[in-house]
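What follows is subunit A paired twice: with subunit B in the first complex and subunit C in the second.
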Partner chain A sequence: MFLLKLVLKNAFRHKLRAWLTILSVTIAILAFGLLRTVIDAWYVGAEESSPNRLITRNAVSMTFSLPLAYREKIARTPGVTQVCPASWFGGVYVDEKNFFPNFAVEPRSYFALYPEYVFSPEQQETFFRDRKGFAAGRKLTERFGWKIGDTVTLKGTIFPGNWEFVLRAVYHGRDENVDERIFFFHWDYLNESLKQSAPSRADQVGAYVVGIDRPEIAADVALAVDNTFKNSLAETLTETEKAFALSFVSMTEAIVTVIRLVSLAVIVIIAAVAANTMSMTARERIGEFAVLKTLGFGGRRIAALILGESLVVALSGGLFGILFTFPAAAVFRSLLGNYFPVFQLSVRTLCLDGAAAFIVGAAAAIIPIWRTTSIKIAEALRRIG
Partner chain B sequence: MALPLSYSIRNLWTRKLTTLLTASGMALVVFVFAAILMLALGLQKTLVETGSYDNVVAIRKASSTEVQSAIDRRQAAIVETEPEAAIGADGKPLLAKEMLVLVTLPRRGSSKRSNVPVRGIGPGSLALRPQVRLVQGRLPSTGSLEVIAGKNVAERFAGAGLGETLHFGMYDWTIVGIFDAGNTAFSSEVWGDSEQLMQAFRRPVFSSVIFKLRDPSKFDAVRQRLEGDPRLTLDVERETRYYLKQSEMMAKFLRVLGISLTIIFSLGATIGAMITMYASVATRTGEIGTLRALGFRRGSILAAFLFEALFLGLAGGVAGMLLASFMQFFTISTMNFQTFSELAFTFVLSPGIAASGLSFSLLMGLAGGVLPALRAARMGIVDALRTVSEV
Partner chain C sequence: MSAEAGSAVEIVAVSKAYRRGATVVPVLSDISLSIRDGEFLALMGPSGSGKSTLLNLIAGIDRVDSGNITIGGVDITSLSETGLAAWRASAVGFIFQFYNLIPVLTAFENVELPLLLTRLSRKARREHAALALRIVHLSDRTDHYPSQLSGGEQQRVAIARAVVTDPAILVADEPTGDLDRVSAEEVLSLMDRLNRESGKTIIMVTHDPRAAAKAHIIRRLEKGILDDVSPQTGP
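Take a look at the complex of A and B:
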C-alpha cells in the first residue's frame, strides 16, 4: 500500500512531463488501435463468409466467365442445395470516384443463400418481380439520397452502354459487419439485354455461388464440381467463400504488411519517448535512490518503484487512448466509409491496445532499473545533478 | 552576443542516451513518412515509365483498362489504316493489335495465387516498346505455344522461369525467353503470340490497338478523328497518360495513408522532443542564470535552446532518411486495385521527398523546442541562480 502511494506520488512529481508522456502514449495507442482496425476491415470479407457457401469461377482468372449451362450440372452434384449465377457488373455511377460494388445476381436464390442481407418482405417481393429493379444497401442509398422508385443509371465499363435501374428494395445488415453499400440487380436483365446487343457474350456467368448442405462436405463438393468440368473449354475453380475472399486479401498482402509494420513502428516510437522520460527521471533522482538504498530498500524494491511509475504513466496513457479510440473510429468511419464499408472496433484490438501500453511501460523501465540498481551507493551520492 | 553553436551541440552530446532516444523516435517518424511517399512515387514512376509519349492507345469506349476492353477485328482494321502512324524500318506502320487477359497463377514457394497479365503481341509490339530487352533465351516463334516472361514474373511465379511451362487455356506454354523492361509494368507481364492466345482463350477480340505517331504533336487531331468516327467505339489516349491514370487511385491511397499516419506519429515525437527540451532547461537553471549574469541576452539564450532543438530534429531526420534510402533496394509486389493485376515496383527516393523528410524533422524539433526555450529565456537572473539544481 505504501509502495503504491510512493509510486503514484513520484509518477506525477513533474506534472508537465508526466502529462506530456501520458499524452504521447495516448496518441500512440489511438493510432495503434485504428491501424489494427484498418487491418480487420481488410479481412472482414473473409470473416463474414459462411462455411455453407462455395464460389465456382473460371480457373483461368476472374475475368473469364462460365457458361450458363453449368448451373444445372452443378446443381446435380450431391450435397448442393442452391446454385446462383452472379456477375460483377463494374458499372460506374456518374463518376469513377463514386465507386461501389455492383453485381448482377439471380435474386431469389442469391438472397436465400445470403440471409445476412435483411429486407422488408414487401420490398423484397417487388424487387423480385421487377426485372429492371435493383436492391441497394442502406448506406449506399443514404450516400446518394436514393428513394424507393428512383431511376438510377450506371455506365457499364465491362458491358458497354448506359443501364437504367429502378430502386425497389433497401437492405440492412443482420449485424454490424455486413457491407451495406452493395448494388444488386437481376442477372436476367443483364443477360436479356446482352442477347440483343452482344449475343456472343450472353448466357455467360461471372461466377456461381453454390450453397451446400453442411460445411463438412465443402471440400468434397468443390472437388466434385471441378472434376465435372475438367478438360472442358471452361475449367472451374471451386473454393469456400472464405478462401475466395482471402485470395483477394493475399493479392494486396504487401499493403497489409506495410500497415502491420507501421503499427509496430508506432509502438517503438512511443516506447522510445517513454523510455526517455523514465531514464531522465531516474538520472535526476539517482541521489534519492541512493538514500533509499542506504535506508535499507533492496534492489528489488527500487526496481518495483521504477517499474511501477513507468507502468502508471503508460497504462493511464493506454486507458485514455482506448477511450479516445471510440470517437476517433466514428470519425474515421464517416470520412472513409466508402473505402472501408465495415469499420468496427473488435475486443481483440482493445486487448492488444492494453498489452501494447503494458509493453511500452515495462520496456521503458528496463534501462533506468539497470542503471539505478547497478550503481554503488557512495558513487550515486557523490554525483551531482 | 550570441552563444556559439557548439554550446548547443555539446549539450546534446553530454546527455547521449536521452538525445539518442528522442532522435530515434523522430527518425522512425521520418522513416515512415519517407518510406510511404517513396512507395507511392515508385508506383507512379513505374507506370509512367511504362508508356511512351509518342504512342497512342485505343481501347473500347468507357473501358478504362485493357483488361475490360474488347475491340473486334473490323474496328481494329479501321485503326490500322490510320495515316498518322509512323512507318518502321521494314516499311510497315509501327502498330500493334494486342490482347490482354489476366491469368491466375501460383506464386513461387507458396500456394497463394495472384493475377498475372498475359499480353498477346503482334509483329509491331516490340518496336513500339524500345524499353523491352530480351535478357535470356529467344523470342517466341509465331504460331507456336511459346511465351516470354517479364523478369518480375519469372522471379515470383511458379513455372515462369526459362524452360519451364505455364498451364492456362487448356495448353502448356513453354517459356522460351525472359525479358527485362526496367522499372515498368511490362516487367510484370507474360507475352505471347496474340493469335495463338486468342485461340486458346476462345476470345476472338483484341484488347487494344497501339501505334506510334509519325508526328507526336498531331495527337489531338488523331484522337478527334478516331473518337468521332461513327464506325468505331473507342477511347484514344496517349500511352503515358493511359498508364498514369492506372496509378492514380493506388498512389492517392498510399499518400493519404502516409500523411495521416505521419501527422499522428509526429505529435508523439514532438512531445518527446518537448519533454527532452524541458528537462534540458530544468537541469541547467543555474547555468542559464550564470550565462545571463555574464551578460548574454534573453534572445541569445532563446536562440541557443532553439538551435539545440533543431539539431535534435536534424539528427533524427538524417538518421530517418538514411534508413529510408536503404528501402530503395527493396521491390514490393502487390495487386493494383485499378487493373486488378499484380505489379512489382520499387521504393523511389527523390530530392523532393528527402527535402520534405528533413524539413519535417526540423519542424518537429522546432515545435518541441519553442515552449522550453521560451521558458529558459524568461527566467529571472536572481531566481535562476538561487535555484539549486532541482526539477
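Take a look at the complex of A and C:
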C-alpha cells in the first residue's frame, strides 16, 4: 500500500508532464480502438454470415449473371432446402451521396433464409403480396423519413430508368450486428419490367442464395451444384456465404493492411513518446533512486517502482482512451454510417486497447529501469552532489 | 581475516581507483583501519583526498578494488549486490550532506521507508517511525513534507530515517555541511547523544573542525593515505 502510494505520488509529481503524457496515450488508444473497429466493420459481413447458406454466382465474375433456369436445377441438388434469386440493383435515391445497398430478391424464400431480418407478420405479408412494394431497414427509413405507404423512386444505374416502389415493411435486426440500412424489393418486378424494356437482360439472376440442410454438407453441395453446370455457357462458382463475403473484403485487402499498419504505428509512436517521458523522469530522479538503493532497496524493487509509475500513466491514458472511444465511435457511426452500417466496439477491441496501453507502459519503462538499476550508487550520488 | 574482538569495522589493505576513460586515478592506497564498537570517528582531509570514497566503501555502496572490509563480523567485500543491499538495509544507517529525503513523502513516511524492507507489520512500522521521530524531537512535524521543513529539521528527519532500523553503525557524509551553525549544533548534539546513549558506532566525514571535535577519534586522509591516530577522548 505504501509503495503504491509512492508510485502514484511519483507518477503525478510533474502534473503537466504526466497529464500531457496521459493525453497522448489517450489519443493513441482512441485512434487504435477506432481503427480496429473499422477493420471489424470491414469484416462484419463475413462474421455475420450463416454456415447454412451458400452463394452460387457466375464462375467468370460477379458482374456476369446466371440464367433463371438454373434455379430449378439447383433446387434439385440433394441437401438444398431453398434457392432464392438475388440481384444487386445499384439504384440511386435522389443523389449518389445517399448510397445504400438495394437488392432485388424473391422475398418469401429470401427472408426464410435470412431470419435475422425481423418483420411484423402483417407488414411482411403486405410486402410479399405487393409486387411494387419494398422492405427497408429501420435505420434507412429513419434516415430518409420514409413511412409505410410512401412511394420512393430509385434511379437505376445498372438497370436504366426511374423505378418506383412503395414502402410496405420495415425490418429491424435480430441483433446489433445486422445491417438495418438495406432496401429489398421483388425480383419479379425487376424481371417483368426488363422483359418490357430490355428483353435480352430478362430472366437473368445476379446470384442465387442457396439454403442447405446442415453446414457439414456445404462443400459437397457446392461441388454438386458446380458440377451440374460444368461445361455450360455460364459455369457456376458456389461457396459459403462467408467465403463470398470475404472475397469482397479481399478486393480491399490493401486498405485493411494499411489500416492495420497505421494502428500499430500509432502504438509504437506513443510507446516512444512515453519511453522518452519515463527516461526523462528517471534521469531527473537518479539521485532519489540512489538513496533508495542506499537504504537497501534492491534492483527488483526499484524496477517495480519505475514500472509502476509507467503503468499508472499508460493505463490511465488507456482507460480514458477506452472511455472516449464510445462517444467517438457514435460520432463515427453517424458520419460514416452509409459505409459502415455496423460499427460496434467489440469486447476484443476493448481488450486490445487495454493490452496496447499495458504494452506501452511496460515498454516505456524498459530503458529507465535498465539505466537506474545498472548505475552505481556512488556515481549516482556524486551527480546530486 | 577475522575482525578484531570488539571491532565494529575492520578495514584491511583497501585500495580503490576510479577510471576516467583510459586514465586510472588512484583514490585510496592500501588503507587499513580498525574502528571499535561504539566509537565516534571523524574522517577529515582536503577535497579529493578520498574521505567520501572510504565512507562509501564502509557503507557498502561502493566496491573495493582490493583488500577487505569486515563490519560486525560480515566481510562485505564478498557479498553479492543483492546480499549487500540486504546488509545495508539492516546493518548501516546513512546520513547525507543534502539530507536526500524523498520530496513526495512526509517526514513520517520518509522515516518509515527503510522499514518496508523488514518483516515488521504496518502497526510496528508506524510505532518504530514515531519513536525515531521522537528521538530527533520532530514528533510535531510528522505530516510535513521536506519542502515545509528547515534544513536542520530535514537533516534530523534523515537521522531518524538512518536509525529507524536500529543499525549498529551510522555513516555520515558532511552531515552539517549544508546547515547554519545553530542547526549544525543541533544535529551534532543528536549524533553525540545517539553515540553515547544508544551506543551507535558513528563514522563521519567532515571539513568542519567543530563537527570533528564531537568525535572521539579524528583520522586524516591525504591523497588516499590515512595518517596516524589522533585520539581525543575515549568513547
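Basically, the second predicted complex is superposed on the first by the 383 of 385 C-alpha atoms of A that agree within 3 Å, B and C clash if a C-alpha of one lies under 4 Å from a C-alpha of the other, contacts with A are read in each partner's own complex, and residues count from 1 in each chain.
Note that in this section contacts are C-beta pairs under 8 Å (C-beta built on N, C-alpha and C of every residue); 3 or more make two chains touch, one makes a residue touch a chain.
Being a predicted model, the structure only gives us computed values, none of them experimental.
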item	value
Clash-or-fit label for the pair subunit B, subunit C on subunit A	fit
Subunit A-centred angle between subunit C and subunit B, computed on Cα centres after superposition, in steps of 10 °	90
Which superposed partner A:A355 touches (first subunit B, second subunit C, both, neither)	neither
Which of subunit B and subunit C A:R17 touches, first, second, both or neither	first
Contacts of A:I377 with subunit B and subunit C, given as first, second, both or neither	second
Dominant contact partner of subunit A by residue count, subunit C or subunit B	B
First, second, both or neither for A:T277, with subunit B first and subunit C second	first
Subunit B versus subunit C as contact partner of A:L264, first or second or both or neither	neither
A:F297 touches, of subunit B and subunit C: first, second, both or neither?	second
Partner chain in contact with A:L323 - subunit B first, subunit C second, else both or neither	neither
Minimum C-alpha separation between subunit B and subunit C after superposing on chain A, in Å	10
Doubly contacted residues of subunit A, that is, touched by subunit B and again by subunit C	384-385
Partner subunit A, residues of subunit C touching it in the complex	53, 56, 59, 61-62, 81-82, 85-90, 94, 96-98, 100, 102-105, 109, 112-114, 116-117, 122, 161
Touching residues on subunit B, where the partner in the complex is subunit A	17-18, 21-22, 24-25, 28-29, 31-32, 36, 39, 60-64, 67-68, 101-104, 112-115, 168-170, 201-202, 233, 253, 257, 261, 264-265, 267-269, 271-272, 274-276, 278-279, 283, 332-335, 337, 340, 342, 389, 391
Residue numbers on subunit A that touch subunit C, as the complex places them	1-3, 5-6, 9-10, 13, 287-288, 291-299, 376-378, 381, 384-385
Touching residues (chain side subunit A, partner subunit B) in the complex	14, 16-17, 20-21, 23-24, 27-28, 30-31, 35, 59-64, 90, 92, 96, 155-158, 160, 231, 233, 235, 237, 247, 250-255, 258-259, 262, 265-266, 268-270, 272-273, 275-277, 279-280, 284, 339, 367, 384-385
